[in-house]
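Read through the structures below before going on.
Across the two complexes that follow, chain A remains constant while its partner is chain B and subsequently chain C.
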Partner chain A sequence: MSAEVFSVFYQFADVFAFLILSAAGLAIVFGMMGVINMAHGEFIMCGAYVTVGLVNLGVPLAIAQILAAVTAGLIGVLVEFLVVRRFYKRPLDSLLATWGLSLIVTQSMLLIVGSAVRGIGTPEGSFAIGGYTFSTYRLVLFGCAVAVLAGLYIIFMKTRFGVIARATMQNAAMAKALGARTGRIYAISFGIGTGLAGLCGALYAPTMTLIPTMGATFVVESFVTVVIGGANVLLGTAPAAVFLAMIRMALNASYGQIIGQIGMLVAVILIIRVLPEGLSSVLVRRGR
Partner chain B sequence: MFKLLEGPQTLGRGRMFWSCFLVGLGAALTYPLFADSYDVGNFAYFLIWIFMALGLCLMWGYGGMLSFGQTLFFGIAGYGYGVLAINMGGGSATIAALVLSVVLAMIAAGILGYFMIWGGINGIFFGIVTLSATLVLAFFLGQTAGPEWHIGPARLNGFNGMKGMDPLTVGDFYIEGSALYYVMVALIVIVYLALRMLVNSGIGNVIVATRENPQRAEMLGYDVRKYQLLTFVIGSGLAGLSGALYTSWGQFITPSSIGLPAAAMPIVWVAFSGRSDLTATLVGSFLLLFGFQTITVYSQQAALVLMGALLLATVMLAPQGFVLGIGKLVADWSRGRRRGDGDVIAEAGRLQSEES
Partner chain C sequence: MNSGRKLRMVLLGALLGTVASMSVGRAAEPPLKVGLLEDVSGDLAFMGMPKLHGSQLAVEEINKSGGILGRQIELIHLDPQGDNARYQEFGRRLLNRDKVDVLIGGITSASREALRPIVDRTTTPYFYTNQYEGGVCDASMISMGAVPEQQFSTLIPWMVEKFGKKVYVIAADYNFGQISAEWNRKIMKDLGGEVVGEEFIPLGVSQFAQTIQNIQKAKPDWLLTINVGAAQDSFFEQAAAANLNLPMGSSIKVMLGFEHKRFKPPALNNMHATANWFEEIDTPEATEFKKRWHAKFPDELYINDMGYNAYNALYMYKALVEKAKSIKLEDMRKVIATGDACIDAPEGKVCIDPKSQHTSHRMRLISVGPKHEVKVEKDYGTIQPYWLGEIGCDLTKKNDKDQYTPNHLPKKS
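Now for the complex of A and B:
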């Protein structure tokens, strides 16, 4: 019996981790600046490629993954400085600009690197409960997703940076008048967002085939989670991921991956009819 | 009714503009007499995509709804045409398949649009919800390789794409080559003129008013949601027309014409051209398609990198679009030269009051 219960939890944890890891970066950027980073998938791809590149050079996997996330974060700060910064007053144009960027990066990668790179296998290790065998790495991913949420909670609720960031989010002009360097806050937030995208790519790199277009695998999940979650990462994205993971898990188990994805999309389209501002609007209202 | 061909919502009016229009049309009609049939077929291929661009121009430029789902409806109608043409047999039934597949795309747009528009989704989320739906359709069709995925005798064939449908046929006559080219030119002229009439009509004014300020339009007594849904259905239906014509042109369609990067292409064409005017979109999209095809022959990736760069350059340097900007420059210059003859030149610069 306990084996069945654990198996259900395991499947839930798998989908939940995927949703949180792929959406967290996008949600932070959207929550802070109201910008949807269409190149999100490319930052994920960047994280994956850097990880695999470093591992092939002999760097241990965990260190390679951290370095990959940092790299993606630094590139994100650069992109914010060069491109995104100009579009905070024109959110739709920021969508187009980052999409243009995404096209340039994906297709250049296809030109330069070619279609596939030699991957690294999923770290060994499995354990058995009852008659079932489970991969340890999938549970590590779940742990990372929870750690990301906890880390974001600490950064945004417990640090000085977090206070200023939340003030900027609420009223940028007022925060600026009070002496907050909003430009720098935006750059750092964008960097955190793309760094988390890089982390997502780094963590999933051992489990999938590396192709320059791999970002597309993640974007649907990250988009729908953010659409349902709304502007608040902790009160929106996390509950949205729990909710979507339950739908997806149930459908995946009975009908397979693609039906799971379609069902998730249909659920999202039905929900936006009732809750156009996302789950966080309800939760935030409750909290008051 | 023909008065509506000119109006405040479209650039270009008066004798000079329509003379240019007729010269362009004349050139398009006589072109097959000079070119070989391969080039004519290629030209017909560019024209296929114009409908999709005009539809996006209507939704985005006039209605203020940035849909990333043009290839979703392109795919629905493209696959729809294939399935229907195979199931209903060839011959004149292909015409019915064309019409039905476009209707199918419009119904799909109506359903998706209802949930988004009545849910109050707008701006950025409108884009990413439509894009998510598009990508999910592409993923779904990509994994339909097995023999169990079929509708009647029509196999979906996964990534390899569906094939084996008849091209458009009337009786025993296949509409291919030059004939298809003439059909396309006729359809484009009809769609272009009809859209000009639509946007200059009362409905068009409400659509533009909704773009400018939905609340104000609502206060004036219009149910803006209905107008938005109408715009979305027409715009997406035009994408469907492109899709059905595409399948008929090549007797072939794959999921890659739905997913990324295909979904970005209509956005690039329309953004580059100038989304707030139909004529600019028509001309700009054609030029871009022509250029894109020329480069694709050497390297598809390079062509796509260029498209991405164009999109980035457009939003950074000329957010209103390059073709529109150049058109306005020419109009200003020409107006400066023949001051007083205000009838000839459109009210250039009238469409500036736009909040992306």
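Now for the complex of A and C:
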């Protein structure tokens, strides 16, 4: 019995971690900043490739993963400065620009690194409960997802940077008039977003096949989670992930992966129909 | 104008004239155009790249040794990027605009079925070079890869005998996975075995924690893994991490997707497959072939069976054209009808079956060990692609243009 209960928790945690980790970066870039970042998956891929490259050079996995997230973040700052900066007032054009960037990056990776890279293997460790065996690393992923949520909350709600960043996103002109260096705030926020995408790739790199288009497997889930979450990223993303993870887990367990995926997307359509502003609109209203 | 310059102009003119007349001389024998559709970008690029390489190697070799009927081959490759709509668009372009003499390629069965109606409207021969779920009875298509009676009818009884009667199936959710699962159901039924679970996975899904638990709940003796693509291959890594530890069998793993080269051992431990080609074959012919391949493509991670079949396809085309002394499909099919359409491939002699236009293969059952070493467990010798003929497909008499499965058999006339 306890095995069944734990199994339900484990499956929920697994889907939840996947949704949160793939969506966290996009929640900032798209949810807060309003940039429709079609290259989100490529930042995830970047995190994964840097991790594997560093591990192959002999760097311990955890350090490689942190360095990979930092690399993706720095590249994000650079991309913001060179490309994204020009499109804040033209969100649809930012979609095209980042999509183009995504195509260029995947093709370049294919040409430079090749069509497939040898995996590094998941860190050892599994445990058994009842008739089931579980991978310990999947629980590490869940822990990381919770830590990412906590970290985002602290950065954007409890720090001076967070206050200024939120002010800038709400009204850039006013924030600027009050002395905030909005250009720098945008660049750093974008960098945090892509850094989190890189972290997602870094964390999932040991468990997946590495190909240049691997980011695509994360993109649908990440956009869906952010859209369901709604405008208030910090209040919306976590409940959105909890909600979608429950639906997907229940359907996966009873009817298999196809129904799980269909069910999740149907739920998304219904929510957008009923709550066009996303889950956070309800939560924010309640809060007031 | 000074005279030196004039002289130079005259010389240049003469030179150009010679070049022009040379090219006119050659134009009497225009090259044969081979249209090739293989994915070298997108999700299946890692499998498609060896197919392009195999075709390039064969074209180079054939051209060096005098071409086909004295004509050189020109390879026109387009990259459909794994997109079935692009397969159709590029297929039309090659057939109608470039007017290729033969069309080769396609990776997934979905792409092949997208192409086939377009090919059927022309008189151009089409070579499909993958192993697949079998059953296509179409006079325009010549299949070079292995089919279920060569792969599943060997593998599944062996797995049942060695590991037990209960199997769990993880299959990609499109025609290849669905029809392969149908084959498994039929063969398991004949053997008195039990399919304790079947899970179809949408392409692009990469997370398998739930699937792994569903498997443990069903308690199978072994797994049939016919999941497709890089994302779905993540199953192996995740199953190993969760210590699932079950024997596995497949018609596409190792020799086609070279998962044992792409994943860290022991993720593919205890995998079994039946194949006409895998790079670890070490007969003298195979070794010689591998040497030529790696000399031309030193970075190739693995020569997979698709790439190998793609290489053979051009030699089979050459054999058919030279025996028919014609590049017309109807003349080539007369050669096939004699049962004498054979080539000496690196695996040994392979022939095209007149009734189904599929290829006979020497099949071996291989297993993967904990260090990802590949071992031959059983050599079945040459197996004919007999199933289509048995159920009533006979292309020498009638062109069905259909794909049959164990549940979709030709109507008795």
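Just so we're on the same page, the second predicted complex is superposed on the first by the 288 of 288 C-alpha atoms of A that agree within 3 Å, B and C clash if a C-alpha of one lies under 4 Å from a C-alpha of the other, contacts with A are read in each partner's own complex, and residues count from 1 in each chain.
Please note the rule applied: a residue touches a chain if its C-beta (ideal position, glycine included) is under 8 Å from a C-beta of that chain, and two chains touch if they have at least 3 such contacts.
This one's a predicted model, so the numbers in the text were calculated from it and none came from an experiment.
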Worksheet item: Are chain B and chain C a fit on chain A, or do they clash, once the structures share the same frame?
Response: clash
Worksheet item: Which of the two partners, first being chain B and second being chain C, lies in contact with A:Arg86: first, second, both, or neither?
Response: first
Worksheet item: If you stack the two complexes on chain A, which partner ends up touching A:Gln11: first (chain B), second (chain C), both, or neither?
Response: second
Worksheet item: A:Ser135 contacts which: chain B (first), chain C (second), both, neither?
Response: second
Worksheet item: Now for A:Leu110: first (chain B), second (chain C), both, or neither, which partner does it touch?
Response: both
Discussion item. So in the superposed three-chain picture, is A:Ile269 touching just chain B, just chain C, both, or none of them (first/second/both/neither)?
Written reply: first
Practice prompt. In the overlay, answer first, second, both or neither for which of chain B and chain C A:Ser281 touches.
Written response: neither
Item to complete: Kindly classify A:Gln261 by the partners it touches after superposition: chain B alone (first), chain C alone (second), both, or neither?
Response: both
Discussion item. A:Ala216 in the overlay: touching chain B, chain C, both, or neither? Say first, second, both or neither.
Written reply: both
Worksheet entry | Where chain B runs into chain C (options 254-262, 272-280 or 344-352) | 254-262
Worksheet item: Of all the chain A residues, which ones make contact with chain B and with chain C?
Response: 106-107, 110, 213, 216, 258, 261
Worksheet item: For the complex, which residues does chain A have touching chain B?
Response: 34, 36, 83, 86-87, 90-93, 95-97, 99-108, 110-111, 213, 216, 219-220, 223-224, 226-227, 258, 261-262, 265, 268-270, 272-276
Response to the item:
Per the touch rule above, chain A residues touching chain C in the complex are 7, 10-11, 14-15, 18, 106-107, 110, 114-122, 125-126, 128, 131-135, 137-138, 206-209, 211-214, 216-217, 249, 252-253, 256-258, 260-261
Discussion item. Under the stated contact criterion, what part of chain C meets chain A in this complex?
Written reply: 40-43, 45-46, 48-49, 173, 199-202, 204-207, 209-211, 213-214, 216-217, 219, 230-231, 233-234, 237-238, 240-245, 261-264, 267, 299, 301
Worksheet item: If you look only at chain B, which of its residues touch chain A in the complex?
Response: 66, 112, 115-116, 118-121, 123-125, 127-129, 131-133, 135-136, 139-140, 143, 259-261, 264, 267-268, 271, 299, 301-302, 304-305, 307-316, 319, 356
